[in-house]
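As written, the chain order gives the labels A, B, C, D and E, with residue 1 at the start of each chain.
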C-alpha cells in the first residue's frame, strides 16, 4: 500500500475540467478515485465520466408500492376493521370510485415522499461532517477531486495546472 | 355539552391565556364532576333517572286543557297533553308546551316583596341574551305578608277592597267569591285580554238575545260539511283552540265521508283564514250585511216564505258594499243551502265593532237555515262545568271601565290583583294606570314581574301553575262537563305561596267573620270541599268508594268529568223572527285604514316572557321576536313603504310604531297588528320588544259592552327608520324579493 | 445588554440555569394537568368493601340500576335506617358527616365516580337485563373502600363488550353497535 | 470591394446590434459570471432591511395578529356565530378562500413542473418564486379550512390513525379525499420547493457569515455538488416534475368535487373538475405576474433576472388560460341552462340578476374581457405594471367566481322557504389575515431564501447560444439533460 | 367476535326494495301551522333558542319548521298548505356519505339517519347536501340562563357550539319504548309511543309509526291518502310522506 493523498484541482470552466478527467485517467487514476464537484449540474457525458448510479427511482418505486399498500389498507381493510358495518347513504362499505381517489392520493404521497427521502438517503443527507470542499464551487468553478499516490503529488499538481487549474491543493476536510 | 354548565361557562370566562387551561381542564374529569345530592328521603314511587308523570291543568290560558307533566328528580321536563282529558284529548298548543319556560323563567318574583311603585323588579339590559339580570330579592317574610293582608282587611271597609283576577274560572275565583260574599267585600272581577279580543261578551249576549238563555255557543265544526266563518279565528286563540282545531281536523278528514268546505270572511287573512278553501276579504263592518244577504239568498234557494230576519236586505247592494262579487255570494248561498251540515260562526274583529252584536246575531241566525241548532255539525250551548249552574263570563271591557272608574274615584282603597296584568292587557284608553295611582294599596300576587306588579306596593307571588293546587272549570269546547284538576308537579322553585293559603292565613289572623267565612286549614282542604260533592254524581269518569279515593283519583286523572254529553240545545223559536237593520258600524278616527288587531297565535296575552314562544314563527307571517304591521303590498307601494320600514300608526287615542310587513292577504284599505308584545316589564325576554296595538283603542263599546277594537280607522306615517323583523321564511323564496326583476 | 445575557446563558452555568427553569415550568405544568385529572374528595370515605362484606347487595343501595338509566345514590334516610341502629355511628368520627347531614337535614354531596360523558346515553336497566353484573364494569367492590373506577369508560371499552355480546347474532350486532344506541 | 467591405461592416454592425438586442431582451443570452450572479442574489437577500421593509412587516404582522390571531381565537371561543354563515349558506368565505388559495398555489407547480417538463426556458429565473407561492398559498388554504370547522380542535379526527374509538375517517366523503389530497400536495410541493433550493442554499452558505452561515449550513444539509449528489437531485426533480402534475390536478379536481358531488342545483356538474383547474391556473398565473412584478420592483438586482420577456411569456399563458376559462365557464353555463331544471334556472337567474349580479358581471369582465383586450399586445404584456394590474384584476375576478360558487349558490336550494343571503362578518378579517400572512411569508422569505435559482439560470445560460442560419441570427438551445 | 366479513357487503338496498322502519305521514290538509310541534320538539330535544338577531338571519335551531307559501294574487290569494319540514330520515341520505368523520350515519337497527353529536367536527357539509335543508348548526353556545336548564330532557344531549343537529324522530323515545317492550318480552305496539311533534299536534296532522308494518296507522294513512315524498327525483327514499290536500 502506497500512501495516497487527496487533491483538489479548481477549474474555471467545463472544458479544462473534462480534459483533466481525461488526463487523470491516463495518469492511472481510476474513475472510482475521482469526483467532480460543481455548482451547476454537469452531466457525466460532458466530463466523459461513467454514468453515476442512483437509486432514487427505485426508492421512489418502493415508496409508491408502500403508498399503494397503505391505500389498499385504508380502502379494503379499514371498513372491515369496524366490528359493525357503518353505512352511509346508498354507498357500499367499500365504495368504488372514491377508492380510486384514495388509492391515487396515497400512492402519490408515497412516491413523492420516498423520492425526497431517496435523495437524502442516497446523498447521506443531512451531513454536517467536515468534507473536502472549496467555496469557489458556488461561484461556478469546477473542482476535480482525486486521489493520487503521495509520491506523485507534484506531478499531478503540475499536470492539472498545465490544463488550466487555477489552484491545486490538498483536499482539506473543512466545515462546510 | 352537558347538563351542568361548568365547562361552558368556564370557556366563556377564559381569556386568551386561560383558554389552554380551560380546554385542558375541559377534557379532564374534574370539570365533569358535579356534586350530586341524593334525596334525603327518597319518595317511594320514584327512582333515580326515571320519570314521574303528574296530571294537572294548563294555566297558560283560560281554556283549561289537561296536562300530564313529565318530571324527573323534581324537575319538570316536558308537558304533554292529558289523553283522558275530554277537552284536549292528549294534545296541547304551543303555549302549553312552553309553560315550562314560565316555570323556569329566569325572571320570576322570588318571594314576598315590599316595593316602591314603579321600581324595577329585575335588572335589565338592551341585550337579554348576555349577562345576568338578577331579580329583586324577597325582602319580607310570609308572616309579614300575611300581616299586610290582614291589616288591609281590617283597615279598609269591605266596599273599599276589590279583587281583580284572571279570566280563568278556577278555584281561587271560587274561594274569593265565597270569601267576599261572606264578608261583604266587593265581589271579585275577572278579566283577560283574550276574552276582550274574543268579544266574549258580545257572543254570549247574542246567544242570550237569540236563544233566550245565557251561555256560550259551541260550534261543532267537526260534524259540519260547510263552514262559513265571519272572522272567527278558532284555530288560534279563540275561546278554546284545541277542540276547535280538532273539529277542523274532523271537517277536513271528512268524518262525514266528505271533505268539508270552509269559507272565511275577514279583511285580513288570519291563521284560520289561511286554512280556508275560500278566503273572502270583505270590507270591515259589512259582516252583518253579508250574513243577511247570504241568509236571504240561501232561503230563496230553499224556497218558502222569507223570514223577517232576512227580508230587508238587498243582496246585490250588500255584495257591492262588502266589496264581494255578487256571484260569489250566490254560489256560497247555494252551497250553504244545499248542504245538510252547514254552519256559520261569528267571531274576531267583526264583533268588536259598534254593530258587533248585530253581526253575532245575524251570523248565528244563519244557522237557522239548515236548522242545525243542538244537532251534530251545528250550534250548541257549551256544557256547564260540574260545579256550575250558570255561564259566568269574565268582565267585558265596559265593565272594566266601570271598575277602573271606581278605582279612579278613590272608592277602592285596596286592590288585590291576581292572574291578570291589566296595565298591559287593558287598552291604554281606559287609563288604568291613573286609576291605579289613586288606590292606596295595591297588592299583586304575580308570579312574574309584570307591569302591574311593578306598580304594586306589595308583591306576594303565587306559585307557578305547575307548582300549585287547584281546579278549573272548563267553560267551552267539550261536550262533557269538565272540572279540570291541578296539582303541583314540582315543589315550588322559589319562596312563593299559594294565594288561597295566604288569604286563609290572613283571614285566620284577622279572625272574626273573616275566619268564619273560610273555615279551611289550607288550599287543598278548600279544593276538596268543593270537589267532594262530585263523588256522588252519576256518570263520572271514575267512581270512588270514599272521599280520599275520590280525591286521589281526581289528582291522578287530572280532574273530573262526565262521560255523557252535556251540550245544551238552544231554544231556537225566535231566531229568525226578528228585524236586522243591516246598518254599517261607525268607525272611530279619521285615518284611511281600517285597523285589524289580532292576538298573536303563539304569544297570546302572556306568552312574551317565554323565549321559545318568542322564537316560534308566527303562523301567518313567520315573524319571531317582534311586532309588525301588515300592509297590502300594493298599498305599501303607493305609500312608498317597504318591508321593515318603521311606520307610526296613529288613531285618535294613541300612536304606536312598528315595522312594516307587506302582507299579500290583506285588504288594501286595512292594516293589521298582532297583540302580545310591547311589554315594559315582564322579564328580560318580553321587555322592550315590539309594540302594543291596544294602545290605539278607543274607550268605546258596543251594545254588549265589548270594546270597539275592530272599529278603528287609523293613519300611518312614515318615520324614516328601519327595523329588521326576524322572520323564518325567506323573503327571496317566498316573495321573490332580492331575486332580481323577472 | 441582551447580548451579554445571551453570552452568559451560553456558558455551562447559564445552560444549567436554563435547564432548571425549564424543568420547573414543565413540572408545574404537569402537576397542574394532573390536578385537573383528579376527582374531588368524597365527603365520606365510604368503605364499599365492608358493606359488600356484610352481604348487602349492590341493588339494595343502588336500586335504580335495575329500574332505569341511573343506578342512583342512596338517600341518607336509607343510610340512617341501618346506621341508626349501630351504636358506633353516634361516636365514630368517620361517620360524623352522615350524622350531621341527617341531623341538619342537608343532603350529602357525593362525588360521582363512574360516569360516562354526557353525550353518552347509558341505561343501567338494559345492561342488568342483559345479564351483566355490576362488577363487569365497576370492578370488584369487595376490594375497594372509596369507589374507584377500574376502567376508563371510553368508547372502545363499551363497544368491545357490545360486540362480544352480540357474537354471531347479526341483528343484535346491528342494534348493539349502532351509533344511535348510545349517542343521541 | 469597398462596397462589400462596407456591407460586411454594416453586417458586423448589424450582428453586433442583433446581439445587443438579444442580450437586452433575453436573460439566457445575457450571461454573467456565476460569481457575479451569486453576489447579486446574495445582495438582494442580505441587504440591510430599509424602514419601508420594517413598516411593511409591522403592518402585515398586525393584520395577521388581528385577522388571524385574535379573530380566529374569537371564532373558536365564541363559535361560528360571529361569522356570517347561516342556513342555507353553511359555507361562506372560508371555503371561498380555501378554493382561492389552492387555486393560487397551482401556478407554482404549473410553472416549475409543467414548464420544466416541457423545457420552457423562460421559466428558469422565477421557478422558485412560483414554488413559494404554492407552499405559502396552501398554508392559507389549510388555515381557511380549519377556520371553517365548527370544532376545529377535533380536526385530528379526520386523519386516518388507529384509536380507541375504533373509528376511521369516512373515505366516502369528498372532504376526506380533500384532506388527503391537500396534505399530499402541501408535502410534495414543499419537498419540490426544497430540492432545487439545496444548491442555492449551499451557495448562500458559502457566501454568508454569522448567523446566516449557521442557518444556511443547517438548511443546505451538507450539499457540495458532487456528481452523485447532482445525479440524485436531478433524478428526484425529474420524478417530482412528472409526479406532481397529476397531484396538482387531483387537488383542485377534488376541491371541485366537494361541490360537484353534492346534490345541489348548480353544483352538480361534471365539468367542475377541469373548470376549477383552469380557474386555478387563471388566478395563479395572475398572482405569479403580480408577485414577479413586485419582486422585480422592490428587490435589488432583480431587473437583471426578471425581464420583460418573462412577463411576456406569463402574459401569453394568461391569455390562453383566460380563453380556456371562458370556454369552460360557458360550457358549464350552457349545459346547466339547457337542462332547464327549475332550481338550476333559479340559481342562474340569481347569479345574474340577484343582489350580487354586479359580481357576476364584473367576474366576466375582468376574467375574460380585460385579459383579451390587453394581453394580445406584446408590448403591454411585457410591461410589469400593466400585467400586474391585469393579474390583480383576474384574481379579484376569480375570487368573485368562487364567491358566486360557494355562498351565493348556496343561497338557492330546493327549499325556497329557506333561501337567504349570506352577509360576511368576521370572515373579512380572517380573509385579510390570510392575505397578509401570504404576503408576509414572501416578505420574510425574501430575506431568507435565495429567490433566484442561480444554478438553474446559469445552466440555462450555458445552454443558450446565438447561431447563424444563413443570414439570420437566431437563438438556439442545446438540451443539456 | 363477529366482524363485517360475515355480513353481506353488497347489502346496499336498491330503491325498489328499500323499506324503512320508522316513518311519518303528514296530512298538510289539516295542519293549521299552529307551531305546537315546533314548541314540543324544542322542549323534548333541548333545542336552543337563538334570539332575534340570529333567528332573523336564518340560524334558528328548530328541528321542524312549518313552511307556507302564497298562491295567487289578492284577492284570489291563498296560503298554500302548511308544510311541516323535518328530517326526512332518508333511506339513501345524501347527507351521510359526505361527512368526513362518520358523524352522520345510517342506523342499521332503526333505519334512521343518525347525527352523532360528539363525533361532529362541524364541516357542515351534510347541511349543504341536505336537499330538505332541515339540519341546524350550533353557531354559538346559545345561552339558556339559569334556571331554564332545569327543564332539559336528560335523555337528550345538550349540544355544544360547532355541532350539527337535526330531527332524530325522538330516538330517545324509540329506545325507551323498545327497552320497555323488551323487558316485557314483546314487540313495540303501534301507537304505543310517538314523537313529541306527533304527540302534541292538535290537528293530528302528524302520524308516526312503523312504515314496514302495513297494518300500522302510518302505513294505512299513507296508503289511504296516497302520500307523496318530497323531491323523490333525488332518490333519497325519504321516510316521511305528505298529503298536500286542497
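Everything that follows uses one rule, which is that a contact is a pair of C-beta atoms (placed from the backbone, for glycine too) under 8 Å apart; a residue touches a chain by one contact, two chains touch by 3 or more.
As the structure is a computational prediction, the values presented were derived from the model and not from experiment.
Chains that touch both chain B and chain C are the following: D, E. Between the contact lists of chain D and chain E, the overlap consists of A, B, C.
Distance from the centre of chain C peaks at A, each centre being the average of the chain's Cα atoms. Each of B-E and C-E has its own count of C-beta contacts, and the greater count is at B-E. Distances between chain centres, each the mean of the C-alpha atoms, put A farthest from chain E.
Innermost chain of the displayed assembly, by C-alpha centre distance to the whole-protein C-alpha centre, is E. Taking the mean of the C-alpha atoms as each chain's centre, chain A and chain D sit 29 Å apart.
The mean-CA centres of chain A and chain E are about 62 angstrom from one another, to the nearest whole unit. Separation between the centroids of chain C and chain D, computed from CA atoms only, is 54 Å. The centroid of the Cα atoms in chain B and the matching centroid in chain D are 65 Å apart.
Multi-chain contact residues of chain E (touching two or more other chains) are listed as 1-2, 7, 57-58, 60, 65, 67, 69, 94, 97, 99, 102, 105, 108, 117-119, 141, 154, 157-158, 160, 163.
In chain C, the positions touching at least two other chains are 69, 117-119, 159, 163, 173-174, 178-179.
Counting partner chains per residue, chain D has residues 166-168, 170, 172, 415-418, 420 touching two or more of them. Pairs of chains that satisfy the touch definition comprise A-C, A-D, A-E, B-C, B-D, B-E, C-D, C-E, D-E.
Considering their complex, residues 73, 76-77, 153, 346, 349-350, 352-355, 357, 411, 415-421 of chain D touch chain B.
Chain D makes touch with chain E in their complex at residues 78-82, 85-91, 148-152, 154-155, 157-158, 167-170, 172-176, 179, 258, 261-264, 410, 413-418, 420, 423. If you check the complex, the residues on chain C that touch chain D are 154-156, 159. Interface of chain E with chain C (complex): residues 1-2, 6-7, 102, 105, 107-110, 112, 114, 116-119, 154-158, 168, 171-172, 175, 179, 182-183. Of all residues in chain D, those touching chain A in their complex are 33-35, 38, 160, 166-168, 170-172, 177, 180-181, 183-184, 187-188, 191-192, 194-195, 199, 202-203, 205-207, 217-218, 220-236, 239-240, 243-244, 246-247, 250, 254, 455, 458-459, 462, 480-481.
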